[in-house]
Structure formats: structure tokens, C-alpha cells
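Just below sit the structures, each encoded as C-alpha cells.
Both of the next two complexes hold chain A, though its partner changes from chain B to chain C.
Moving on, here comes the complex of A and B:
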């Protein structure tokens, strides 16, 4: 994969893509300026750092889901996988339930568990041909069940200073978790840009039949993408555990939908083949600025989910309307 | 029921799957606990199953059209809040009002799906988030108690002394939907939409209206399920019915309705809902921790969808 190959199609589609690509960043700036004008608390430097810190977990989840969306699939399993990984890590590092103290190894196991869940979703998709939203809905339930089993009625509070410190200690004004999230975005961008997995994820979303006809074995790449996404959810579960100081079954509540919102509002199409990690990162910031800003100007935080729901429907509708004459069948 | 053109062996098998599962479950539970086949526990099962049957029956119509309604549980939760808030003022009119409003919300989602050409699972996923938010805001994120439940108390009574009224209502709703589908052209319109939407459109089927109608019935059923829940628990809550989504989806696919559309019926979902309820009630009887319930739902959904899928139709699965 040389860079010329990658650049060629970009140049051709620049005129059409430029407006679409510029939209989300412009929206981010506009929304930020509007809230800054409305609320003095919002424009304080502390609050900006707050927004970025609060975006950390969502950014990691969105990294994972973006690859799945690029393929044209969808992933609803984040909540379940994060719950299972949160319980796993909290039981493996120093905690009040058992004598384990595996530290980093515990985190690695939790991430691997996320991989395993992602891999299972991918296998259900390619081997059993179960549509991804059903496969991942089922996998989310399995994850929550596994988490409930491990929870066993007693909340595991972690005492591991390293895991707890990730959320508390700061570097350059931002928590370690934020830097981890930034690292994830960078890794995701590198995977998307320079590896076969990333390029094929795009191609599968754009034209799966063509890719298969040109001799690419599509199935292993699909499973690999879901596995990669699972790894990101696993890490996100660890990050939530670090924030809460305890392993909770509900660690991932709402993150699946927020991540879809962030990816879609950043310009990743649900039909696949367009968007990417860069878009999603902007989308995450946009969602976080919006939720933080709405609370700052006095809107009830309960509306958050409703605002996200409206954004998703509106963004998807806006993306589909130009082609509505072409695709007659929508299920 | 479904068109009998060249039924594949796998379909013939899945046709009996819910009944086989139902009989096997009842037999297994009777062996595990001889007290299971008593009047008391059967009545308890029927009462637990009633809201699930209604939810699943409504959503089955959407699945038959080839779509999915993920908002039913959130809509039912919102409806419990509406009912609890409106009962003091509207009294007996609150029940039909809630069902009508729920049906209208369902129809609105269907219209968004059809007019904006957004995939149904995205519309209803967004709808789920919006409806949950509305429920949280209007209830103040707390339980709304029902003080005077005289107007919905009838659902808690027993028909002929034994049959719970809610279960009887659930059977009535399923029968009503089934009869309306059979005596009108609706059944073939829905099946045509599900089997091949483009062909149905070319043949002059009002595909858009059929889909909106399916979502409307699905919403109305969610409203009725909410009335049943409130009559049993004397309160409404913004997350009261949320945990019914997975069982309802599981009931539909276990019944053998293919999520690719066309193949299936509301009676299958009725049987599926009974299977799911028996699993739920039965797990503690055989000594399995209830945490396995979730894992079971997840596995059931994936396996049942895989078994009932119309493989001829899906070349690329997303």
C-alpha cells in the first residue's frame, strides 16, 4: 500500500467530499462559540479541560465502532462488552473481593476478553449470516450476563493505585485517560490509513461484492474488524472502572448509542465506505460539547439521550436524502 | 399461514420449533419440579407472559415487513408514565388515550422510516433514546405511583375465576390481529412487502402504508402492554419495561418468524413468548442463577435468527 494508491481517489472526489468533510468541524466550532456566548462557565479553561477529559471513554468506544460502521455493519455490543471487561479488570487487579493483584496483566486480560466478544460477533455474522445488529444485540446480552455472573451481588471496589491513578493523575492538565484515548485515536488512524485491515474495511463498506470478486477473502477481515472493535470496548471498560474505582455491570450503559451518534455526526455513513477515525474524533468532541453545553445553559441532563437520538436520525436522514431515489428498498 | 411454495426442510423444521420447545420445556420443568403443573404456578406464568405476548405480537408485524422495532420497550416504559400521570384526570379514558398516543408514536416512527428512507433499526434505535429521555423528563426520573387504580383494576381480575384477565386480553389481541390479517388482503400485502419489497411495489401493493400501519400496531401494542404492567405494579416508571426488549425480540425469533421478512405469524410469536417466559420462570426452578437468563437470551437470539434466516435472499450480510 503506497501512498499514491491511497491519494489518487481522494483527489478525484475532493469537490464532492469537501463540503461533507468540512461540515462537522465547522459545526463543532459554531456550537462551541454559541455555548461560549451563552454561558460564562462554559468558556472557562477548566470546563474545556473537563469536556476533553469527559470525552476520553467515548473516544475509545467510537474508535472501535467506526471501523465496524466503515464496513457498513453496526455494533450494539459495546455496553455488554464494557460491562464484562469492567468486572474482569476489577476482579484481576487489587480489589476487596479476592487476593488477585495482576496489575497490567489484568488490564490485558480484560482487553483480550473484549477481543473474544468481538470475534464471536464477527463469526456469527460471517458464518451464521446473522445481521450484525442482531448478532451484536445478542452478544451485548451475553456480555451483560457474564458481567452479572462475575458481579455476584458484591461490588468489587478496586484498590490498585495504578488503575485508580489513570483517572486522577494528570499530565499537561489532562488526565492520563485522556492521553490513552488520544493514543487510541492515533493507533486507530494509523490502522485505518496504513494497514490492509483499515483499507479493506473501507472497501467492504464501499463495494463488498466487487472486493470479493477481485479475489479478496472478505470474511476474515470482517471478523478481524469486529475483534479490533471488541479490543477498544474492552479498553473502554477498563477506563470506566478506573473512573468509578469499582467494577459495575452498567459500566457501558449508553456508550453504544453515544458512540454511534458521535461517528454518524462526524460524517461516517451507516451505509459504509465513508468517514473514518478523524471524522469520528470530531464527532466525539461535538457530542461532548453539545451535552456539556446544554447542561451549562440549564437543560435537564435527562434530555441527553433524546438529543443524541434526534441527532442520529437527522444525520442519517441528511446523508440518505441525496440518494433517496436510488435505493428504493430500505428495511 | 405462509405461502407453501417449496418449503425448505429447514423451514418445515423451524415451523414446529416453538411448539417442540414449548412441550419440551413444560415436560422438563414438570420433571424438575412436580409442583410446576399446579394451577397457582400456571396462573403466575400466564400473568407474567401477558405483557410480553402483546409486545411481541405487535412487533411481529414490523418484522414480517422485513424491518425491526427496537423502540417497543422504551415506548412501553413511556406509556406506563403517561398512564400513571393521566389516570387521576382522565380516569377510564386514560387507557384508550395511552394506547392511541403509543400507536401515534409508532406511526410517526414508521413514517420517518418510510419517508426519510432511514433503515428501521436506526429510526427505532433513535426513537428508543428519544422516548427514554422524554419518559425520564416527564416523570422526573422517578416512579409515578398510582393511587386510584379502579379504572385499570379489571386487568388484574380473573376470568371465570381462573384465567387472568391480562392473559385473556393478550390472547384476544393476538387473535384479533390474526383474524384481521386473514380476512383482509393485509396478510398478503405484509408478506409481499417482507418477501420482496420491490416486487410488491411493482404489483401495486401500498408498501409505504403497510409499513406505517405495522409500526402503528406495534406502538399500540406497546401501549397496551404498558397498561397491563401498570395494573399489576400500581405505578409507572421511566425504565419499567426496558428489560422487555430482549425477551420480546427473542420471542419473535424463537417463534420462527424470519427477520428477513415475509415468513412467520403472530401465533408463532405467541408461542415464542410462552417459551421465553417459561425459560425465565424455569431457570430458578432448576437451580440456575438468573444471571444466565441474559446469556441465554443473547444465545437464543443469535441461534434462532441463524436458523430462520432466508438464506436465498441475503447475499451480503451487513
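Moving on, here comes the complex of A and C:
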């Protein structure tokens, strides 16, 4: 402890905090209304269901990553873990490569594999002191490697009707995958609100030293958070497999950064200590509405990626402007 | 009198280059409020850290109710009934007050990892009731005022009562530094209440406060306890004399080398400078003059110093160098105007630790080592080596990482940073001798004199009053963000620290 630094009195008003928190939901509503006004197809009930269905996998990945971001760490392992999980589940349920038919058990194994990857990332962070950025990037590569080994040049197509049905069958107009995602958000919210793990993840991002000064052993909680995140990625890998009907190494392509984007757009800070599952859910919807809306109003697909990127940067800039200080170091 | 609640005997702690504690003795009686006074570097904070297990002493012993103990961690200390309210920022800002109060020892409030908010609220409410606070336990901590946060901290510390049968020892480290006068009154009422069932150690820079709230005061100087005063009837003056001790008669401050200031057009001229923590600051500094700004913690002097360098926003006022206004104050404009700044936080703001002496020395004035757009290795080598010689910087070589040098030599490199280009006209020295031993201090003082002799103007924020008086030609006393008074400080006519203290409090 060398906190001889005199901390200038900086008072956060309550109003300021709630104003900041209100940003993303307001943006979601505004963006939605703008697109709805511009395009009749966009505001059709079918399209709204499409948006929500399309958000399912991203929502699950974002649930996991949110806990890591709340701690002030980062997790880039989603793509690799999802690949490994996709191959695992597709080789364990009924498929064209072997005679396995483990059904639900296969899904459970894939999720546990995700946990194991997350746990390894966490252990590398707290025991080997590898920054989470590198630890999880490495773990992503390991995941892709494991997936490639299992893929072995022949794509496993699944024939398990239960797994395939998750993406196809509907309940109240939404696919089962969407209901799974909603369940994940609910579980994530409960963990964040009512468990020591969730609250400590939040506190670690707020002031890790204070926890240590209060006699809390922080390391096990960090490992547990990465493990929890891994479980969500594992499940997301299963969901993608269900959508594709086949196990692909690239199942998680792009989900790592999309999830970080969604979380940050929703108001979760990369420096930790702010945001949460609710924020992230809003962020996911905002990103999906944006993607869908741009198509519906006829923005050329060639423009889309760039426009989306600009909107994301603008959203984050708007979020941090009130907090800027002179000579602040931004990395 | 019975066994003291806490006793410290001959505690010693060395840090590289500094002896922070040099055989401190301390006795804290049961149910008293003991004040701890001492200047910066007297060893107060090291002693406190040793008492809560954050610092392992090299020698000496700590006794709790007569039993010798070894405190290895905060939890250890809490088990022995010792808890500390740290200087601000020791609560998790984004948790609720209740969570902070029970943090680390949630007990029944968390069962199998699952929160029971209602139980937690009740536990926290019990603690808050002890001190009669009406804070909502479920309010987010960062939405509370500083005074309320302090109450939360005290409530949190009082939970150590549940770990021991005996009355707890509560340490308050500089609790008043961020509070408003009215909030301070509340805090003092609180301390008097605590006294009924606990023992309190109270630390503050402000002697009037120490005398006001404490039963007894122990004074530390140079890592030792130098005296003890019963506060009844005592005045700040006596305490201060003990804190300062007798000044050595040797020429520590190189006063013989002091230049006589010729008054002419001022080098630095500040008019009506205002910012978040200071208002309407006006003063001049002549060529070769050393002006010290003194004031208690919270007087705003650090911010004024940073504002002069453009590192702190200002709302009004004008800064002129040799008659020319610095437009749009910024660190870049300040550098260009020939202002150099030596920050108080050497390791964080003053230097880039893993980079070499040469890199650190040429950091601000790249021009001095460039040929066109490129670094000219030979030019740099000659330049850096010549300054290493001139300032007698002890380093294995110019390519040694600066973090391997001693504090004094690091500080010389940082000073040299402003000298290499030969265009420095004003130096802002923010605690330039913080953490340095006596020999290194003396060398920094010698350097300041030499620079003043060449016409460089200096604004000094001293580490101690002694230093300010010893070095300065003139002293500005700041209180509550304003210049309260200006004291001439010529050789042979130096004011006494007590004269200044009167103005400061």
C-alpha cells in the first residue's frame, strides 16, 4: 500500500449515475423507433421476433463476458471455447461420424469443457500472473486447436432431433434458443444480484485493494468468474451447433469481440466496476436492432460494417465524455 | 492504572535508504483518545501500518493488553481487536454501505455463497446504530457524502468487536482531511462516544484538532517518539516545538549560497488565478528568487502548483512569464515558456521507471538530443554525461534504468530534465525532497541554490515548514484555497515555524 496519493474530493452525484445508466435503454428505444418509422418491414411482428432470435447466441456469450468485464479483466477466449464446445457436442450426440448418442449428457459435457477452459484462463491469471488479455487469447487458440483436432477433416453433421430442434421449434413465437438465452440472462442477473461471487466480481472491479484490506481472498473469486464465463461460452457453442446442424471449428467466429462491443455499448465499463447483466442485455439488443435495421432501411451491405463500427465508437464516446478529466491516461 | 490496551516497544523499520521507524515507543491506555502528531516522514503512517499488520517491523514488539503479538495481516490485527479507518478511499465505491460494513466477514448475511440482503441490512444497521448514524444501509457508497462514508468506515471497523471479548482499538488516520468544518464536529462527537467503549488513536496534521479531541498526544520525530503531552491546557505551539525539534546549526540549507534578489520585472507573475480548490491567487516571483508556499493539507497549494504548470484546470486568472501571458495554459505551453515541474509523486508522475537515465533526462526537451528528426546518439551521450557529472548523479551509466538509482539520484535526473536544454526560467518543485535521506536532501538544496544563482526562479512546496523557511526568500501562507498572508524570509531574518503555524490554522 503506497496510497500516499491525495485523492482529490470527487463526488459523484446520484443523478449523474442514474443519468448515465439511462443512456443505453433510451438509445435502444430511440433507435428502434427511428427504424420503425423508416421501414414498415422493420416494425412487423415477424421481424421483431427475428431480431430477438438472432440475438440469442450473442446474449449468452455476453452474459459470460460481462462478469469478466465487471472485474476489470477481459476475455478473448469465447471464439476458441465455442469451437471446442461445438465439436464436442456434435461428436457426442447422434451424428454421422460415430455411434454416440448421449443427448443432454453431451450438452452437459460441452458446457463443462467450457468451464474447464475458463478455469484455466483464470488460473493463468492469478497463479502465473499472465494478464487476462493474453491468457484468454492463448486459451482461445488452444480451444481452436482442440476443435481442429476433433474436426479431423470431416465435418460432423448432427442427426439428434432434440439438439437440432432447439433452433427450429418455437414456443410463443420465439425459438427455444431464445428462451435458453432469456434463461441465461435471468440466471446471470440472479448471480450478479444475490451471490457473493457476483457481488465480489463487481467489487473487484470497483476497488480490489479494499477487498484485500478487508481480508477477502480475491484469487478464488477471479478463477470462479472466468469458469462461469467459460460455461456460458460452452453453452453458446452448443447453440451455434444446433443452428448449423453441424460442428464447425469456426462456430464462435467473431462472437468474442461482438460480445465485448455489446457489453460496452450497454454501459459496462472495460475498466470494471460498472454495468452488469441488465446493461449487457440492452447492449445486445441495441447491436442487433442496429444490424437488422440497417438492412431493413436499405443500407447497402457494403456499407454496413463500417456504419456499425462508427455508431459503436460514437456510443462509447458519448458514454465517457462526462467522466473525462484533464491529463487522464486512456489506454 | 491497568495494563495498557496497546503498547509498542522499540519498533524499527528500514526502507531502502530511509529508516522510517527508529525504535518507536508508544503506550495507549484503555478507553482513551491518543493523538499522534509528527511532521511528514516522522514515521506516523509506517507505525500505523505496523499496528494493523500491513508492515512487518524489523525489530521491536507490539503488545496487546500485555501480550506480545505478531500481526501478519489486517485480519490478524482485527482478531486482536485492532482496526483502522484508512485515509479515505477504503470503501468499495460501487457496493452498498451495508456490503462495505460486513465485507470480508459477512457471517450469516451470506449463506453458501448466496446473499441474504435482509440479514445483511440488519447487521449493517446494528453497526450504524452503535454510532447513531442514520445512513440508509442499502445506499450505494459512492452516492454518500464524504462524512457519511467516514461513518460507514467507522461502522465497519467496529465489527472487530465481534471478534474479541475486549474493547477494540480504533485507529483514525487523518480522518478530517476531506471533511467540512461542520462534518468535523460530528466526527469529534463520534470519537467522544467511541471512547465509552473503545480505545482510539487519532492522527491529524492539524494540531488544534489533535488538542481538541485527544486526552493525550504522543509526538513522533525521525522515527522515534520524542515526547508526550497531556492535552488539558496545552497549546499548539508546544506541540509544534516538539515536532520540529531543535534545528541543526549547520548550514543544511546552504543559506550562505543564497543569492540576493534584485527586484526588477518579475519572472513569474500570477494574477487572480482560480480553480476548483483555490481562488484569486496573486503573487510574483523574481529572477533567482525562491518562493515557498506553505499550508496544511487541503489548503490547495498543490493544485496551485499544478495549475501553474497547466496540469490542473483553471477558471480565471492570468499567468505571465517575463511579461508574456501564457495563453491557454497547458503543460505544453508551460514547457515552451521555460517552466519546469518536479512532481511530488516521483515514481508515478516524475519518471518512467524502466527507461534509462538518458531517456528520462531528455524526456521533456527532445530537441536537445536530436539531429533533424533522429536521435543523435553521440550528442545525447555527451549531453547526458555532462549533466551526470555536473549534478554528481551516482549511476553506473547513462543507460541504467532510472528505477535502479536511489531516490536522491532519481530526483537529480528529473531536475536535469529541465536543465538540459538550457532554457529553464522557472522551476516548480512539488515536495522535491519527499522520501530522501538527509544527505540527498542537502544536495537537492545545493542544486536549488546554484540554479537560483543563475537567475532561475523557484516555487517550492516544502516537505516541512523547516525546509520552506530554510530555503525560501519569501513564503506564501495558504489556507482554504486563498493566500492568507505573505511572510518575508530573508537570511538572518527568518520567521519561526510557530509564526507560520499561527497563520496556517
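What we mean here is this: the second predicted complex is superposed on the first by the 285 of 331 C-alpha atoms of A that agree within 3 Å, B and C clash if a C-alpha of one lies under 4 Å from a C-alpha of the other, contacts with A are read in each partner's own complex, and residues count from 1 in each chain.
Simple rule for what comes next: contacts are C-beta pairs under 8 Å (C-beta built on N, C-alpha and C of every residue); 3 or more make two chains touch, one makes a residue touch a chain.
Nothing here was measured: the structure is a model prediction, and the numbers come from that model.
In the superposition on chain A, A:206 makes contact with chain C only, while chain B stays out of contact range. In the superposition on chain A, A:195 contacts chain C only, with no contact to chain B.
Look at A:113: by the touch rule set out above, it reaches neither chain B nor chain C. In the superposed model, A:144 lies in contact with chain B only, and not with chain C.
In the superposed model, A:57 makes contact with neither chain B nor chain C. Comparing chain B with chain C, more residues of chain A are touched by B. Judged by the touch definition given at the top, the superposed model places A:235 against neither chain B nor chain C. Applying the stated contact rule after C-alpha superposition, one finds that A:28 touches neither chain B nor chain C. When the shared chain is aligned, no partner comes close enough to touch A:89: not chain B, not chain C.
In the superposition on chain A, chain A positions 327 are in contact with chain B in one complex as well as with chain C in the other. Listed in rising order, the residues of chain A touching chain B in the complex are 71-74, 76, 80, 124-126, 128-135, 137-146, 148-149, 151, 208-209, 257, 260, 270, 272, 300, 302-310, 312-313, 316-317, 320-321, 324, 327-331. On the chain C side of its complex with chain A, the touching residues are 45, 49, 54, 73-75, 78, 86-95, 99, 103-106, 110, 113-115, 117, 140, 142-143, 145-146, 156, 177-178, 276-277, 297, 302-303, 311-313, 331, 345, 348.
Of all residues in chain A, only 1, 3-9, 11-14, 17, 193-197, 199, 202-203, 205-207, 210-211, 213-216, 273-274, 326-327 touch chain C in the complex they form.
On chain B, the positions that touch chain A within their shared complex are 66-68, 112-113, 116-123, 125-130, 132-134, 136-137, 141, 197-198, 201, 246, 249, 253, 259, 261, 289, 291-303, 305-306, 309, 311, 314-318.
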